[in-house]
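Two complexes, one shared chain (subunit A), two partners (subunit B, subunit C).
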Partner chain A sequence: MAGVNIQNIKKSYGSVEVLHGINVDIKDGEFIVIVGASGCGKSTLLRMVAGLEQITEGDISIGGRIVNEVEPKDRDIAMVFQNYALYPHMSVYQNMAYGLKLMNLSKDEIEARVAKAADMLQIGDYLKRRPRELSGGQRQRVAMGRAIVREPSVFLFDEPLSNLDAKLRVTMRLEIRALQRRLDVTSLYVTHDQVEAMTLADRLIVLNDGYAEQIDTPLNIYEKPASEFVAGFIGSPPMNFFTGTISGNGKQLELDTGSIMQIGDYPVENSHGRNVRIGVRAEKFAPCNKDEAELVLNVAAVETLGSETLAHGFADNTDSNDFNNSIVVKLAGDARPVVGEVLPVRVMPDGLHLFDMENGKRI
Partner chain B sequence: MLFSPGEFMLKRVHFGPSWLPFALVAPQIFITLVFFMWPAGQAIFQSFLIEDAFGLSTEFVWLDNFKDLWNDQHYIDTFSRTAFFSLMVAFFSLSIALILAGMADRVVKFATAYRTMLIWPYAVAPVLAGALWVFMFDPTLGIVAYTLDMFGYDWNHKLNGGEAMALVIMAATWKQISYNFLFFLAAMQSIPKSLIEASAIDGAGPARRFWTIIFPLITPTTFFLLVVNIVYAFFETFGIIHAVTEGGPAGSTTILVYKVYNDGFIGLDLGGSASQSVILMAIVIFITIIQFRYIEKKVDY
Partner chain C sequence: MIENRPIVTFISHSVIILGIIIIAFPVWITFVAASHDALRMTQSPLPLWPGGHFFENLSEALFVGLDVGGASQPVALMLLNSFVMAMVIALGKIAISLLSAFAIVYFRFPFRMGFFWMIFITLMLPVEVRILPTFKVVADLGLLNSYAGLTLPLIASATATFMFRQVFLTIPDELLEAARIDGAGPMRFFFDILLPMSRTNIAALFVILFIFGWNQYLWPLLITTDQSLTTVVMGIKQMLEAGEQLLQWNKIMMTTLIAMVPPIIVVVSMQKMFVKGLTETDK
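Take a look at the complex of A and B:
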């Protein structure tokens, strides 16, 4: 059992810096998810914790011991790879026993550990098979098994579910979370899937281009995104953004499209005349009467999902061909808006997010 | 019904008789017939004949030439000498290439330059390769022989059969290492990097990773190269032996192909030489069948 401390970690390949100083203190038993777009440096960060990648600058400690120069095998970690990295010429049993033999455990101990893990993961029937004789989901379990038998202090996962189909991904996600709770092992989990990130994490690290934009619990990140990037990245459908100016002595927002929104008790002091980015989630718009509307949508597309209905539309004065500036409003599952209809909405009291025009930081 | 009528028609239209496929394979067939099948047929025919040394008379003797070979102690010796030579060449060229490829696989800086240099020997013609080794080991002029002399060892492959054998094995091995190296390196680089990383996390050091992960995974390549190397040592080392020892001293480096040449062109025993080449042909066919039947099927994961 051990916490992981990541202090001012930087990574450069040649002259290109891909991680620009990451700081996070991971408590013992915590489940941390690193989420971000492809190429933002998630795997690089994880691989530095594993010892598979040299650290350019900064310190990583596991269980209070700085491990910068420690070999992967001596870091007391186990890793699950995206392609599972099972040894193709070994049976499932041999795959799991490989690392244990190298630990010089007794034969009985090895058998006991493999049997226990196989039981936990329900792969006991496949122990004699080769990896190529298994389905994707079974391979995934074997990869997990190989990590579990080592009884490490830290689990590292690099997009372990991304090769599975959608249904299996949901089941495995729940299983991984249950398993981690049961074993109570500190875990670092990399994914680009924000739903996976939200559902698994005790705390999330949202990574953008090598910077940690925000490190917090999923709910805090959803409710108080620290930057426009985080606000846009977390949540589905993505948040709606507008550009506008604070007016009416900090009481109102004047959108570039001409609409007026009430700021309510959002804390903006002495900001009259300041240009801002405004974010509103789809479910924070409420349909209303025309005379109290803050925004009037011309509905251009409707997605009926059963449990909810998404209406995509354009405000007046916007290019109604470019769905990049469309606005999405989440309605009840039985709502039936039609294309071409006019939909007046207003922002719910706690629905506003304001961000700085220049640096994108939350105001 | 297997296909609907429409489908059947389509197949007929696409693959119906046409002169084009025949025209396309004709050159290949022509070359095979003229340069491979016809000489092979000639050899088989010749192997049933006895011709006197002046070519004045020929006699059809059925399998007598083969019987003579069976009873000829020289030929039996040549057979075991060839087996020894081939196994040594295959063993050394495979092991050395494996070590070099294992190291090259880990090299990051200057990898391309390093690999290019290792490939050069393959581009050298066999006779030139042989000449190079003769030059280095020449008992009076060679740098290696000179160095050995300083350590008190009197090298003379022109008199000592064992040393002559060692020299042709070295030359033939050196020539083949590059080829094996290329295949080994390609095979090693096709192993996903994450497998190596997983075994590093599992606690395996470089040597153990090599023997427990890399080596088993390149087995198909190793088997393939083993066959190729044995065929090489059997047949393609003629040029090297001709340049280095001419089969001597006292026949101690005469392997089967060299004996075919020696008996046929020098000794003018055409029938005996032809029956030896028929036996060689049979060996190639046998090795090829083993390769296709057994090896290619067995090794896949």
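Take a look at the complex of A and C:
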């Protein structure tokens, strides 16, 4: 058991810097999910912890020991790869036992560990099979089994579920979470899937372009995103953004489209006249009467999901062809808006997020 | 192609049968000739059906040999020489190419691509082209009339190196990384992961290289003057240099027949792996 400390980690390929100084202290037994768009450096960070990638600058310590120059096998870690990376010519048993054999464990010890892990993952029935004779979910389990038998201090997961179908992904997600709780092993998990990120993590690291935008619990990140990027990245459907100016002595927002929103008790002092980015989540819009509406949408598309209905539209005087700039409102599952209909909405009291115009930071 | 017209079937079968006859007839004649006595083979017309001396010729050729020209060794010894040469060449080529492909694909060292291209360029320099300098080198090293001299110069192989390089490139990097985390060093990774994964390719290459080695003619002819190192292919040629004596066609043909057997055994027994190794791309 050990925590992981990542201190001012930088990574450059030649003259291109891809990680610009990441700091995070991971406590023993914590489940940390690193999330970000592809190419943001999240896998690189994980691979640096694993020892598969050279550290350009900074220190990584596992259990208080700086491991910058330590070989992967001696870092007391285990890793699950996206494509499982099972040895195709070995049986499931051999796959799991290989690392243990190289640790010079006794045969009995190896057998006991593999049996225990196989039992935990319910793969005891196909220990003799080759990976190619297994389904995707089973291979995934074997890959996890191979990690578990090492009894490491830290688990590293590199998008382990992205090759599975949607249904299996949900089950495996729950299993991984339960397993991690049971084993109580510090885990780092890389994903681009925000549902995985939100559901698995004790704490989330949101990476953007090599910067850690925010490191916090999933709920805090959802409710108080530290920057416009985080706000737009976490949450589905993505947050709606507007540009506007604070007016009315910090009591109102004047949108560029002309609409007026009430700021309520959002803490903005002395900000009259300041240009801001305004974010509102789809579920924080409430339909209302036309006379108390803060925004009037012309509905341009409707997505009926059963449990909820998403209405995509445009504020009445904006161009209504570009769905990149559409506003999405989440309605109850039984709501039946019609394309072309006018939908007046207002922002719920706690639904507002304001971000600085220049640096995107939360105000 | 699914076609159900009798005339097409007739023509295509005729072509196949004709082809088989063209290829098989000489082999049949060899077999027939090997089963008569020497006297019958000097008479005209040549026999088309087997005679009764097959086993007699077989044992005599194998264990006594022909007392003609330069070939006075029993064929069994020549077989052994050919076998050793073909095996050493095939296994040596595979071992060297596996290691050099391993180095080129998995290690970062200065001029890596330079070395790769150097190896690749030797494709243009088969033994026949560099025969004089190679002979000089082998002679200076004192390797004339030895198994080492017979095999060493033929062992370096750009084709095999290139093929293994391609095989290794299809193996995902994650496998190497997983092995590193499992604690496998480079050589362990090579023996535990790469080698078993290239099994079918190695088998396919072995078949090709064994036959290549078995059929060597020019090089052994140059490098050996010692009768005890004669290979079968050379032996057949020497049997034909009978000078004043009567050519013993029955035994020459018997030797030819014997020389055909080992490559056939190799091809037939490894046929399945051979096809897999050349066609399988899924890792």
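As a convention for this text, the second predicted complex is superposed on the first by the 363 of 363 C-alpha atoms of A that agree within 3 Å, B and C clash if a C-alpha of one lies under 4 Å from a C-alpha of the other, contacts with A are read in each partner's own complex, and residues count from 1 in each chain.
Here, a residue touches a chain if its C-beta (ideal position, glycine included) is under 8 Å from a C-beta of that chain, and two chains touch if they have at least 3 such contacts.
Because the structure is a prediction, the values reported are computed rather than measured.
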Overlay on subunit A: subunit C relative to subunit B, clash or fit: clash
Touching partner for A:Met79 - first (subunit B), second (subunit C), both, neither: both
Partner chain in contact with A:Arg130 - subunit B first, subunit C second, else both or neither: first
Subunit B versus subunit C as contact partner of A:Leu102, first or second or both or neither: both
First (subunit B), second (subunit C), both or neither touched by A:Tyr211: neither
First (subunit B), second (subunit C), both or neither touched by A:Phe241: neither
Contact residues common to both interfaces of subunit A (with subunit B and with subunit C): 50-52, 71-73, 77-79, 81-83, 85, 87-89, 98-99, 102-103, 146
For the subunit B and subunit A complex, residues of the former touching the latter: 192, 194-195, 197-204, 208, 212-213, 216-217, 301
Subunit A to subunit B touching residues, read off their complex: 50-52, 71-73, 77-79, 81-83, 85, 87-89, 98-99, 102-103, 130, 132, 146, 150
Subunit A partner contacts - residues on subunit C that touch it in the complex: 172, 174-175, 177-184, 188, 192-193, 196-197, 199, 283
Residues of subunit A defined as touching subunit C within the complex: 50-52, 71-73, 77-79, 81-83, 85-89, 98-99, 102-103, 146
